[in-house]
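Below are two complexes that have chain A in common, paired first with chain B and then with chain C.
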Partner chain A sequence: MGSRLFSMGVKMLDFFGDFPDMSRRDLRDFKLAIDGAFRDFSRTNGEAIEAFFDPLLWFLIKLEKLLLAMPWPVILVIVAGLCFLGSRSWKLSIGAVLSFMLIGYFGMWEDTMSTIALISVATLLCVAIGMPLGIWMAKSDRVQSIITPVLDVMQTIPIFVYLLPVLMLLGIGKVPGLIAVCVYAMPPMVRLTNLGIRLVDKDVLEAANAFGADSKQKLFGVQIPLALPNIFAGINQTIMMALAMVVIASMIGVRGLGIPVLQAIQNQYLALGLMNGLAIVGLAIIFDRVSQRYGKRLQQHRGGHDHD
Partner chain B sequence: MTDIKIKIENLFKVFGNRPHEMMSLVRDGVSKQALLDDHKHVLGLTDINISIPAKRIHVIMGLSGSGKSTLIRHINRLIEPTDGRVVVDGEDVMAMSELELKEFRRFKASMVFQKFALLPHRTVAQNVAYGLSIQGVDEGEAFERSQRWLERVGLAGFEKHFPAQLSGGMQQRVGLARALATDAEILLMDEAFSALDPLIRNDMQNILLDLQQELHKTIVFITHDLDEALRIGDQISILRDGAVIQDGDPQDIIMNPADDYIADFIKDINRGRVIKVSTLMTKASRASGPKFEESALLEDALKVMNEQNSDSAAIVDSKGKVVGKISLKDAIRAMARPDREAAGTRYK
Partner chain C sequence: MKKLLISAAILAGTAFGLSGQANAACGDFQMSDMNWPSATLMANVDKIILEEGYGCNIELIPGATTATFATMNEKGQPHVAAELWTNAVSVELEKAMAEGRLHSAIRGPITELGEGWWVTPGTLSRNPEFKTVMDILERPDLFPDKEDPSKGAFIGCPAGWGCQLANQSLFRAFEMEKKGWVLVDPGSQAGLDASMAKAAQRDENWIGYYWAPTAPVGKYEMKLMDFGVPFAGAENWDSCIALGPEKCGNPKPSAWTESVVQTVVTSEIKAMPDVMEYFGKRIYPGPVMNGMLVYMEDNQATGPDAALEFLEKHQDIWTKWVSADVAAKVKKSL
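Now for the complex of A and B:
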């Protein structure tokens, strides 16, 4: 009697001591099944998916070639022009041109052009997908409650974990790099578009309703214009996060400033790493300042300074 | 009697998760407080019946929480009622399809808001043209038409300014011009002047009264300010706790308050500036003393009677024919604060 109780006690202790996990064999089969299923999936659908991304690849390559083919003075003029158009600041434009000249002088011109091509395409893609998604989210609480956790996952999941299936599907190359960048850089665009539209003054929206505006007129006439400061903050954040992904993207075969950084890490080339790293920082600062100033300029009507 | 433009019939509004289930309780006479305590529903409007005449200014007055802003939003259906009808020109607004409602809001009823609700990213001219651009009027014509209204409200020269660059009074002029520019027959004004300081408010009331002289729109005007209501209203409905407690013209309300609540309301009013001599007159074809038109204010009449040391005055119509008379005694009595019974017997 006593010994039976004792052995029951020991079993209980066993139960509480180790977590009642799956048997090792089951677990292995489980993992193999998933791996196998995905491998089959990528074998049968890989080409179709690759074909789906072909236009994107084509565009990215064209842009990169164009940037590389253009004589450097032309690029400098374009950089200065865009900076001035965006920020209306001579100081910033001159600063941008100087940084580009330094980048070129230290032999990083071509890598920089590749990186700019990647960032531009990634940002365009993020805006093209992220903005409609954000608008949809703002219109429905249900959609918001579904998309928000997805965005949380996109921002927190270790990059290599989602790189793996992408690589299995598409192999090493520019497109998987672009996808990796977008997965990481898109969430702020979606979130801030959603936020911006939700924060639109209810009174103004009511006025639009009272004048009989339909949902299209409300969206383009009231909601998007009034949400622009937040949408611009979203674009700005997207660019910053895309730049932060340049080194990771280079690990899966995207050309650009990330490659030398990677070499520097592997070979302990301090100067190389520092120079290319600083080039990325330089690009980031230029993009950031120009886009922020542009966003602010859109908001000038909000200030009431020249009161008559 | 003038035509009825807007007829609100048995309108109820219950706020909450299951408003329709609450309707039977409301009809059984469950009080607002009981509905809130026992069922967590808020009774916004209770059995509202108002007839709003065409081409007049109908004021709906009430303190905050009385449901007046909720009520005006039922007229263009920015808020859906729980029960009841709003009939405009014989057509039930509540039965309109989405498309019909849009047309109704675009062409038939425009609105002015307490907080102006201008589009901050559009210039003054673009704001005034907003209703027209929603209607689909092409840009050139819209600007031309809105320019007229901008001038009419005294904002010529400010076309290119943004709303944030204007003072509150000027912003509300933009709001008014925006509402007028659509040429809607009905103008809904939700506490339109309440956010303005008293002098500017007075200016805006003058602008509105001037415009009304030539435009003859059907105006529904919401306010919490009795002075404002008496000044601009052809007709006043007083709202309390979501129910209409008195409906009448300003003279009616000031001479004949329906209950102590309203009597209390009007006790601080300068009666001499509201009461017209015609309200006090007794019919007569001959009378001695100074002559006054029917619309003359008691205050002015008393001043003249006092100066001329006259015990009575004659009331004449627009052709100068004597239609009635008032005595000094009646005039002084009317100036005194409400003595409801006494006032009631004298009026009409």
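Now for the complex of A and C:
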């Protein structure tokens, strides 16, 4: 009696030891089936998908070539001009020009131009796709419940898990890099736009209704302007996350500041990593401050509680 | 009844506790678990044999060639690197060996190794006149770079790998830029593999760096190209080509150097005669290693799983590395 209980006890402990999982053979067949299906998909549709992205690739290449070919004084003038147009702040424009000069002096000019070409297109794409998506989510609870899990996946799935299929379809280069950056950097834009529009005071919306505004007038006249602080927070996060992805993009063959950082990581070149890392940080701060100032200027008419 | 259950639980508990105790006759040390399949297979096989057969207690530390060698050289940890491709660090390694900090336990733990420039099988079947790398270098138009179709793309090593410097030097030595080529940095092993896999699966032309024994080379039936120029000497390689164009301005054209792979150990391990004897005998035949790599690929096996498969399927090979009673102990634990 005692020994039977004892052996039962040991068996129970065994069962609760390792989780009862699928047999190895079944798991292997399952994994191989998925791989095989993807390989067939890639064989049949790969060329068409590559051709679909060709115009984007052409644009990215031309933009990078343009930035690399322009003489550096012209670039500095353009940087100063864009900063001033966006922020109307002398301090910021001069600071941006000084940062670029430092970057050039330390030998990181070409890499920075390549990174700017890719990241600016990525950020613009993220904002251009993310904001309408956020607005759509704000309008409908059902859409929100469908898109939110997609955003969760985009933000947390390990990058190479979805990059491997993309690489098999498109090869290494700028387009997979752009896709990687956008997948990671778009969710904050979408979420914060959604949040901003949903947070607009219901009373204000009622007042707009009372004045006879239709949906389009409400959206562009009331909701978006009032949601601007959140929308610009989204843009800020998108810029930060896009630049954070620069190193990962370099892991799949994108030229830019990420390559020296990878070299520094593998070979323990401390100074190289620090310098290029700080260049990435500098770019992020410039992009961000200019866009934030632009956002503040857009909201100037609200005055009152919006302080600098 | 309750007393019986309680004593059963205590017995079970102590049984679990005791089984965790390793026999400390051999010692605790760390082995490098490098991030490519053959290396992780070797590390895990070593761990099982040394723990079950010799009573060591081993911790596996992830790593890669340059980083692991640096920590072994500076800090003496990890204590063993089973598959160290020493070409990339040969000068530093010789210095460390001369100073007695590091030792080679065996040279050539895998037979039929090689680094070099490989092409997809379709490249050769479409262009039978390509007999050597020199022939290929004349035709960059057949390997258009996706981002600049006017140039030929040669896929080099990712940033930070030792071979990146060698490839950059050879790129300069063979004057490939003048011939219309561009050296593509794939960024990571994943990028290099994906580039090769995509070209092989879509049957496109591809030329780039790779090495054997590896699963992709076997899986995609890649062909190693003869360089067409002889190896221009160890002096040229070690003090010029391997250091890269930053440190050496005038590399001479050369075939790839013979790939030296060693199991490198620290002085603590050298003082363990049983372990050193095991390492000295531990040689994997090339075809067997390739077969294991294809197994790992097909079954997506991790290092520990593949090690178990190797120990079960290739008993005729590993039992020759150890004495009969060690072999019996290991077999019992499988």
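By definition in this document, the second predicted complex is superposed on the first by the 285 of 308 C-alpha atoms of A that agree within 3 Å, B and C clash if a C-alpha of one lies under 4 Å from a C-alpha of the other, contacts with A are read in each partner's own complex, and residues count from 1 in each chain.
Following the convention adopted for this analysis, a residue touches a chain if its C-beta (ideal position, glycine included) is under 8 Å from a C-beta of that chain, and two chains touch if they have at least 3 such contacts.
The model shown is predicted, which means the values in this text are computed figures rather than measured ones.
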Query = Does the chain A-based superposition show chain B and chain C clashing or fitting?
reply = fit
Message = Applying the document's definition of touch, where does A:99 land relative to chain B and chain C: first, second, both, or neither?
response = neither
Query = Which partner reaches more residues of chain A, chain B or chain C?
reply = C
Message = Once chain A of both complexes is superposed, is A:254 in touch with chain B (first), chain C (second), both, or neither?
response = second
Message = Output check: A:217 vs chain B and chain C. Expected answer is one of first, second, both, neither. What do you get?
response = first
Message = In the combined three-chain superposition, what is the angle centred on chain A between chain B and chain C, taking C-alpha centres, to the nearest 10 degrees?
response = 160
Inquiry  = For A:265, using the defined touch cut-off, is the partner it touches chain B, chain C, both, or neither? Pick first, second, both or neither.
reply    = second
Chain B versus chain C as contact partner of A:225, first or second or both or neither = first
Message = After the superposition on A, what does A:207 contact: first (chain B), second (chain C), both or neither?
response = first
Note = Overlay on A puts the nearest Cα atoms of chain B and chain C apart, in Å, by 46
Ask   = In their complex, what parts of chain B are in touch with chain A?
value = 76, 78, 101-107, 110-111, 113, 115, 117-121, 130-131, 133-135, 158, 161-167, 182, 188
Key: Of chain A, residues touching chain C in the complex   = 2, 5-6, 9-10, 13, 28, 31-32, 39, 42-43, 46-47, 57, 61, 160, 163-164, 167-169, 171-174, 250-255, 258-260, 262-263, 265-268
Inquiry  = List the residues on chain A that touch chain B in their complex, please.
reply    = 201, 203-204, 206-214, 217, 221-222, 225-226, 228, 301-308
Remark   = In the complex, chain C touches chain A at residues 4-5, 8-9, 11-12, 64, 66-67, 70, 146-148, 158-161, 184-188, 190-191, 194-195, 197-198, 201-202, 298-300
